[in-house]
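Each structure below appears as structure tokens.
What follows is a pair of complexes built around subunit A, which joins subunit B in one and subunit C in the other.
Coming up: the complex of A and B.
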């Protein structure tokens, strides 16, 4: 199967993710495909996403680590850099990717993005506009969505 | 001498030989016109002396050009020289010098300036580290930061920073970057926190042959593409580049591949029309091309027998196949016989006259009519633009055919050395260049405002003259040459043919020079000659001569602003050209007298026609250098 030829780097990364998980982040490979990870990120404290549990999927393409992993939110989230399909606008997932980065660093960066939305480099125009014109109200909506869609089971 | 006839002679095939005398006489006939006669004898030379001129002169002007065409090897040489220069001056490695230059768009002076202003900042920005960031003094094995495998020290490579990666991961990293595009030229250490530069030396020691090849091609291209003073020749398949060193407004560039283009906008050379007009025109063409394709399907029905005709040669003189044999003009579909000046008509094929229908149209009808007219108007200009484009392509092919196939044979059959046959290639070169100019004058004409009546008429007159001259030349080169190509031995008529073709080439060149000059002046002579008669011709001579080179206009972009100024200063004097166009009632007694004086020995004392006036303007003009020709 695909799993039989798994590069040593992926095995090592997976082992480390499972044995020493980063705080607020869990990532475990799927049974059928060791390149596919089920990810959960806890909404960072003091952010509109606090208390939420966000599910993501992460896939390591054939070229990994020369090419970046593919990551997307499965849980609905109100965030200027994440669109309604869950795609994430993050430089290290695109042109700033480096093979010296890892799954762990990617997920930590996504967690940081939840703490610090960047409406100046938006993926979702409407949300970004909302954020810039009325931040308080936008934050309220984000909190509301967190309650509605990310409150665990 | 009858100047009416003289004027026609200047255009006339049969009398090219007499041109010189006639023109001189003609010129002196007109001494009375105070705004023409102010010039010196040099202007007479302009008409007389041309015979000896040939393309050598154009070529000998090339070193004065404000650009240099670079071949592959030239580019390599310059790049290497620049790298060595920076490396020597800054006492750094060639590799580091290359990295610096790439960051500063290959500007040696900018590298020097930045480096000596703040070396540390530049080093940091570019990633030229002076010491290791990480080091492992005692480790015998190191872990690759990408595959996480352990390797003996010897198999681990690092940039100047020391971050350890194995050769295989380096190769993968470099390959990915190279396949992503020219960004690989600014490659850094894979460690995301590290900015250490990865230069060509490392690429060469770690990448596959294929990747190395790609990398050096990117490097080669970058030298041209990142440098503000160089551009690739835009001709398909051409690998030459052009280094533009001038700072004036003449952007015409002729690549060694023979393609002529505008350095500023990289569109095909479009002198005398400015870049803005060309861009507008090209945009318009692409927007309306579907219509045009439909309208200008490749055939037209013969105006007489209605059989569809496909144009298979370059000139506009069409002859329907027997039994019809009707001769007509491809553009206006009128009988060719009507195109001659002697038949009482004049060459009007360049002229657009929307049929003005009087009558009671309702609003919708009127709007429909307007839309149709606007399309018709555009079609008119587009068609002529495109036809000349096609003719030019055809002429280029004919020129090539002439040089590669016919020349040798012709030299044999006519027992003439090839050097004696240069007049034929010169004629073709002139045709190619004139087709180009003529083509662009149609986009100029499209944008020339309708309300500028005087300018339009003057423009159309000059264009029409140039065009009919060119048609004669093209026809002569295309059709009359045929008999000599198929002849078995020397023909008596060949010398006559030489005289005729060389004469036509010269005459046509003059017409086009005048056309180009007038357009580059924004047709300002229509405005200015009335107000400053007596000096304008002289001052024009001054500027044109002073510039040397290629009769540069000063109004490439702002031709009309000058005229606007003149409107303010225009005073009660009606511009002369307009006056002669207008009704004679506009003439004051004084003016009539002056005209009568100046007409001198002319038989009938009628006032000069507009046609004549423009002609005067042409022969009375200054000596202008030849048009450049695509080689």
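Coming up: the complex of A and C.
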């Protein structure tokens, strides 16, 4: 498929992701499409997602790096900034994108988002409301979902 | 050298486009099951075109995008009863579920599905079906009572 003419920047980024992976993150390109990555993020320690293995998919559109990568969770997750389809509310994936950012920085930001849910800028209204009204209980639900859906099987 | 756009991100774009609303609003679509991470089942709506027997009628359709979408077209069937030359009325099995009578859009009789290309979208299917309703061989066909479903 369209792997020839893969921009040098993407090749470099991919090589580095494979040779020096960031802690708790793995990203490898699909064989058929070098712009499409299978991603795993481990739930950060001291977060409700600790112990979970979260699968994501990432795609570099034709305009990359002038346009941000497209990323979403494939593993169900209870988080105010992630919706039922795994779409992520994160400014650098939208208007705060800059070509100086990389796949690695995007994945690190997503990992950080797991450590610091932001119910004031929600994507899932119900989960955000839950978080704001009863954080202890919301965190319990997030832990429960991590056990149920992100056990890494 | 075109970039190969993967299925799931393609469907997410179609979803966002559908949520914004298309053109004059006479065709629309959305996801059937908001929990399905693979976004397979969709509902489409077509408002029958002017100056045809379909005028003012609201037709509901079901579209099913399998794992091989958009390489392969979705299966398309009418949920509302309709008479059109490209729609087959059969009794049988759909998506492995026995559902009695179905109104499948027959790919062989509907050019867009017969000559499917991966750039085509669900919007294209619905828009083209609406045009098909206004084609000479469909615009005057006697229709089932309004608002009846399978």
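Assorted remarks:
To be clear about the criterion, the second predicted complex is superposed on the first by the 152 of 153 C-alpha atoms of A that agree within 3 Å, B and C clash if a C-alpha of one lies under 4 Å from a C-alpha of the other, contacts with A are read in each partner's own complex, and residues count from 1 in each chain.
Rule of thumb we're sticking to: contacts are C-beta pairs under 8 Å (C-beta built on N, C-alpha and C of every residue); 3 or more make two chains touch, one makes a residue touch a chain.
These figures come from a predicted structure and were not determined experimentally.
Residue contacts after overlaying the shared chain place A:84 against subunit C, while subunit B stays out of touching range. Legend: residue contacts after superposition of the two complexes on their common chain; A:72 is shown touching subunit C, with no touch to subunit B. After overlaying the two complexes on the shared chain, residue contacts for A:35 are found with subunit C alone; subunit B is out of touch. Look at A:116: by the touch rule set out above, it reaches neither subunit B nor subunit C.
Contacts of A:8 after superposition: subunit B is touched, whereas subunit C is not reached. Touching more residues of subunit A than its counterpart among subunit B and subunit C is C. Using the contact criterion defined above for the overlaid structures, shared-chain residue A:101 touches subunit B, although it does not reach subunit C.
The part of subunit C that touches subunit A in the complex is made up of residues 1-6, 8-9, 12, 15, 34-35, 37, 39.
Subunit B contributes residues 145-149, 163, 165, 169, 172-173, 175-176, 190-192 to its touches with subunit A in the complex. Of all the residues in subunit A, the ones that touch subunit B in their complex are 7-9, 12-13, 63, 65-67, 92, 96, 98-101, 105. Taken together, the subunit A residues at the contact with subunit C in this complex read 1-2, 4-5, 32-33, 35-36, 57, 59, 61-62, 70, 72, 74, 76, 84-87.
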